[in-house]
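What follows is one structure encoded as structure tokens, with my remarks underneath.
Which chain is which? They are A, B, C and D, in the order written, and residues in each are numbered from 1.
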Amino acid sequence: MVTIIEETSGLPEISREDIIIDGIFGSGLSRPVEGIAAKMIQHINNSGAKIVSIDIPSGLYGEDNRSNITGNIIKADLTFTFQFPFLSFFFADNGQYTGKWEVLDIGLHREAIINTESPYFCLDAEEIRKILKPRKKFSHKGTYGHALLIAGSYGMMGAAVLSVKSCLRGGAGLVTAHIPKCGYGIVQTAAPEALISIDESDLSFSVVPDLSRYTATGAGPGLGCSPAAAKAMKYLLEKNKKPVVIDADGLTILSGNQEWYGLLPEESILTPHPGEFDRLAGSSGSMYERYLKQLALSKKHKVIIALKGAHTIITSPGGKVWFNTTGNPGMATGGSGDVLTGLIVSLLAQGYSPLESTIAGVYLHGIAGDLAKKDKGEESLIASDLIEYTGKAFLAVNNS
Amino acid sequence: MVTIIEETSGLPEISREDIIIDGIFGSGLSRPVEGIAAKMIQHINNSGAKIVSIDIPSGLYGEDNRSNITGNIIKADLTFTFQFPFLSFFFADNGQYTGKWEVLDIGLHREAIINTESPYFCLDAEEIRKILKPRKKFSHKGTYGHALLIAGSYGMMGAAVLSVKSCLRGGAGLVTAHIPKCGYGIVQTAAPEALISIDESDLSFSVVPDLSRYTATGAGPGLGCSPAAAKAMKYLLEKNKKPVVIDADGLTILSGNQEWYGLLPEESILTPHPGEFDRLAGSSGSMYERYLKQLALSKKHKVIIALKGAHTIITSPGGKVWFNTTGNPGMATGGSGDVLTGLIVSLLAQGYSPLESTIAGVYLHGIAGDLAKKDKGEESLIASDLIEYTGKAFLAVNNS
Amino acid sequence: MVTIIEETSGLPEISREDIIIDGIFGSGLSRPVEGIAAKMIQHINNSGAKIVSIDIPSGLYGEDNRSNITGNIIKADLTFTFQFPFLSFFFADNGQYTGKWEVLDIGLHREAIINTESPYFCLDAEEIRKILKPRKKFSHKGTYGHALLIAGSYGMMGAAVLSVKSCLRGGAGLVTAHIPKCGYGIVQTAAPEALISIDESDLSFSVVPDLSRYTATGAGPGLGCSPAAAKAMKYLLEKNKKPVVIDADGLTILSGNQEWYGLLPEESILTPHPGEFDRLAGSSGSMYERYLKQLALSKKHKVIIALKGAHTIITSPGGKVWFNTTGNPGMATGGSGDVLTGLIVSLLAQGYSPLESTIAGVYLHGIAGDLAKKDKGEESLIASDLIEYTGKAFLAVNNS
Amino acid sequence: MVTIIEETSGLPEISREDIIIDGIFGSGLSRPVEGIAAKMIQHINNSGAKIVSIDIPSGLYGEDNRSNITGNIIKADLTFTFQFPFLSFFFADNGQYTGKWEVLDIGLHREAIINTESPYFCLDAEEIRKILKPRKKFSHKGTYGHALLIAGSYGMMGAAVLSVKSCLRGGAGLVTAHIPKCGYGIVQTAAPEALISIDESDLSFSVVPDLSRYTATGAGPGLGCSPAAAKAMKYLLEKNKKPVVIDADGLTILSGNQEWYGLLPEESILTPHPGEFDRLAGSSGSMYERYLKQLALSKKHKVIIALKGAHTIITSPGGKVWFNTTGNPGMATGGSGDVLTGLIVSLLAQGYSPLESTIAGVYLHGIAGDLAKKDKGEESLIASDLIEYTGKAFLAVNNS
């Protein structure tokens, strides 16, 4: 039985086989649901029936739910929303309320979104296609820049391999890996197209190479957090004058030396996962709080932050926000982030702006994962698959 | 000529071109066939005709044939049985009687099976699909655990490579390989997604890493049986508090130190091939006897045992038995077991119970082999192929 | 609105949406456009309309545009030319005038081309198919020669891997890589079909191997420009008596020691990119000037030069010129040139003449890139892809 | 114009565009063509016309052409023969007379073949399918034996990689590579399924491992011919008691120590290419002479010899001869022989007889090449491709 519930006078009988269409409250709520309505919501949640919410699960706010009463929000299996998703839909802790959500195009611009203070955008193929510049006939490898990846340490050279191979597939004209001696044979065997800059240390990043040869630099994957690596990281930030990509252990080192933020050129790119972000910005009680911190951190230090997750969130120094819409949980696997770093550095090396590089890199990385999933299976997807499918991701975006 | 033989009065003329339908005796036998019936069976076996047994080859018991007279059992080319196979069909030494066997679904539950003392089950895709949990949208690599594989020694690093790569394809969020120094470049080159924990020894497992970082541990592939490895193995069992997977040389070490059984946490998983099992439990005069020993060993030490073979047999501490129905003799090739170990550890790391991990791992491993066989040929199938097809095995089960 | 402009009386209104068919001037010009015609050309260029030139963009000369007035040449989006492209179309600095160009076959031989002093040719599949000799049934690996590649140094062993693998795919019967000790494991792992000649040096080319075993030699990819490598390079040129292929760092060393030209056997092959060429011949103010220098250098030193670019230009000692028509800007990526070197050396080792080897190698390399692009995406194309698609390039040419 | 020439009265006008059907002489000749018939043959050969011979090119003998007058034999472009090819068709030096040849089945057994003193056979898929035993359901890796390959030396470890990988694909249950220390990382990275037995020497084979663990042994690929390797080779032959496969440098060592033949167990397998064979047996003036020497050597030393070529010739101690009919000139590439060695050793390890192993190995190796050629192109085919296509070769034979 399909029951549309729009009012809350009396608690109907609901069986596990029913489908409830939840139209009780829309998005205009500014205080928690209480009283009879709260009882109805609890009644529906406890019924075991399938729940489909229209617009927004009743009781959920469109943005900040920190002051909400979590027990009084519909827990939908499926939510159909109109034109644009609500901000709150992108946060993992609201996944229990929205269930799977889909956007129905009803031909309108939602006023609420246009007027919101922090404008946010969903990434789609069209936007990425506009960013990507077709290669020109008379271009040469110098046209596409020279990327430097500082990555790897004893026991973690795989991170260097993954980021370097991804960087090659991202289109940079030349890619150099700066690695400790212990990784020499590993990286040259795995990525013959890459040039190698060999550190003086057997085990770890310790000496900054001459940066003048490179059009973009990324540092972090597999670096480890040894004192030598931290010292070299500082020296790198002091010498470097261009927007730089910092990931993984590079971020962990940074989180222990927050005074180094001042050394980061404007529009540098940080790509933390939530754990790394919390080390940078302190822990948060909710995803929304973390999101606010991300926005604040981007503005304060004039950096771009890509907070990785099911919907990777990109924030700019100017206070803009992009939510990624590609990717799948098969990408929750070791090395996935190293691949993203390589891809963003590759785009940056080719002359895309830091913001373009981050946006396009995050989107393409997700498409690669979505394409790989079909062939490799979600469970079995590994980071190398993302590299293998990067070319098909470019083809998919260009042909979309 | 097709001849249905249900009675045994007189020995008919049979030529090599005939097809004999054997319906002489069913499954109710409790003593060996003798007298005129035995003569008829010998007559049929010696005729050179094709023999098709219905229900069960005449003379064969449904379970324990140790006291049977082996010369007085029909040697069928093909056996059609009803609803469920008999227990005896799963044992290699009865393959000469059943020939190829197929199950015909006649819509009944066989009472004999339901009432048997040791209930056994055949694995099928539906059961595995129920075990496997779909990945959740907002999950991250931490959701899928961190597997530790202790594997490899000088001359046998390939076993580490195979188990690590399989573990990655099994879906664990992170995989760490604990290996001796001699394997460093090999494993990092082959599996860039894996982290490496490097032993102090150049040649062999000798030091147990900090286990607290890992959600599941497997030990054994390619470890060798050096005194150093044995000593470290003991220390591992002493430190470890969670169900652990022991395979290959790990089992051989255990078989020489049976007092260590007490160190194994309940529901630890042992994955011997018959030779390794016999070292653990003593040799057996028949497959049925080995099966009884397996059951007893599982109960006594509260461990799960997967005895690898054409029908891998899984026994639980509670005395339940599962027979695998996937796989093919192309998988009888070096390294096949290392791949299985990696897969089971991977599932265990993700939070599946030890029993679920063993059952799903064994079944998926067999499906991977069946899919690989079609492309690679049964003779040419190698262990790496099983890894390559693990993703397709997941897809096949999820879409079955 | 489509407007055909053949005369220049008065400046018409043109909007951004219009399409202008430029038929103002053909190819007979011998002095720059000036006066009212120049105004019309500027007017059209500034209009923002799409411009299609017929025969040649008005104002552009067919060959040498060094004395032209660059502001008074039509900048077409698309140029349709007849029967043969003009020489000027092949130079990167004229790409802004021709836009994309296509040749329409009108069934005529253009007199201007036939009578020109420096006859030039466009490579096509038919010509390459004529060069390639089908393999004979009773041939053996000795029939296909033994190629020697002197390549690689510490940090640049990937160049050796790429050229060696490409040389194998090019069809040479045997391939030997002469490499420093640091590359031993790398090259043997990546290319098990290759034999290895190991230099005395850990880091660099330093000793010339016995050349008598080899039917063709190539030197340069990843060699570095160390004094040791330069000294060994000189010794190589002194010992070698057969046409040799020099690329990459080999060319850079040569450019610092131009007195060594005399050591090059006639019909040796140089494969510079524009930067390397300018080091050899000095910088040029235009592509046309570089082209003239290339012609002159080929004649003076009796060498074949393949100047790599969107249209790779091949010049012979006899003053002939070939323009390649295959390839795409996805090939503007590190290692692409190493692959070409390996392919040319491979063909030379098989007994093709130096000119045939260069022409076929350049053409096949481009076809490999065009085929790879379809599967891998232009942005993601890497040098290894070109090797992977070499076989398909041979198949495409042979079946064309 | 098509002209059938059966008589030789007068020399007709022939133009380059004609097609000549050569029916002048059949296979019964026992002395060279002379006089007017010889003039006719020369006239036809010089005409430039296409020549199609029926049965046999006129003037050619069916077997031994050493005493023939080579100028008086028709040089056909194409020869149609009946039921069975003549022996002479398999020898490279007669390829100029037969051109491409095809066998037409006319439903007869050629008396001449049946009565010949040295009976020879052409390999076909049916014969190989009869040799290959389907894998049994309850088999395990021990069923398929344990192969030992003694291969590789400093600079030639690729030969070890290729033979080991091929041996794995051939179906052996276990494969061990005995290699010098310098190859440890290379072989373990390339073939994780293989076990490694490490020689005491860094550079070369020097110590024979315990042979009792292995069901078959092969020695030779990439061994080099150092005194240490030769000494170890002798010791191997002294210790070994089972038919052994000797290839490549193993054969070269043997050719310098012919007194060691006595150490070879009966039915050992030698797999020389023509150059290696000539070192063993002295050079020959014709292919037929070499063939006679091969027959004699097989009989004298009771060994199986597979003389590799377009039609690999296999001779047995009993004086039988098999000509292979699979393969193509794309296989004339370095490492192709190492792959064959691995495959034969693999079959031998599985319990196939030495003759079965050689016949099936040679045939499957050729099928793998024919299948690989379609995808990879004949020119670009490399030895690794043969390994990759071994499984498809098994599938093709089993499904033929």
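In this section, a contact is a pair of C-beta atoms (placed from the backbone, for glycine too) under 8 Å apart; a residue touches a chain by one contact, two chains touch by 3 or more.
On a predicted model such as this, the values are computed, not experimentally measured, just so you know.
Of all chains, the one whose Cα centroid sits at the greatest distance from that of subunit C is B.
Shared numbers divided by all numbers used gives the overlap of an interface; between subunit A and subunit C this overlap falls below half, so the copies present different residues. Centre-to-centre separation of subunit B and subunit C, using mean CA positions: 58 Å.
Centre-to-centre, using mean CA coordinates, subunit B is 41 Å away from subunit D. Shown for subunit B are the residues that touch two or more other chains, namely 185, 189.
Chain-to-chain contact here is organised cyclically: the chains close a single ring, every chain touching exactly two others. Pairs of chains that satisfy the touch definition comprise A-B, A-C, B-D, C-D. Listed in rising order, the residues of subunit A touching subunit B in the complex are 92, 95, 100, 154-159, 161-162, 182-183, 185-186, 189-190, 273-275, 309-310, 328-330, 332-336, 375-384. Contact residues of subunit C toward subunit D in the complex are 132, 135-144, 168-175, 184-185, 188-189, 191-198, 390-395, 398.
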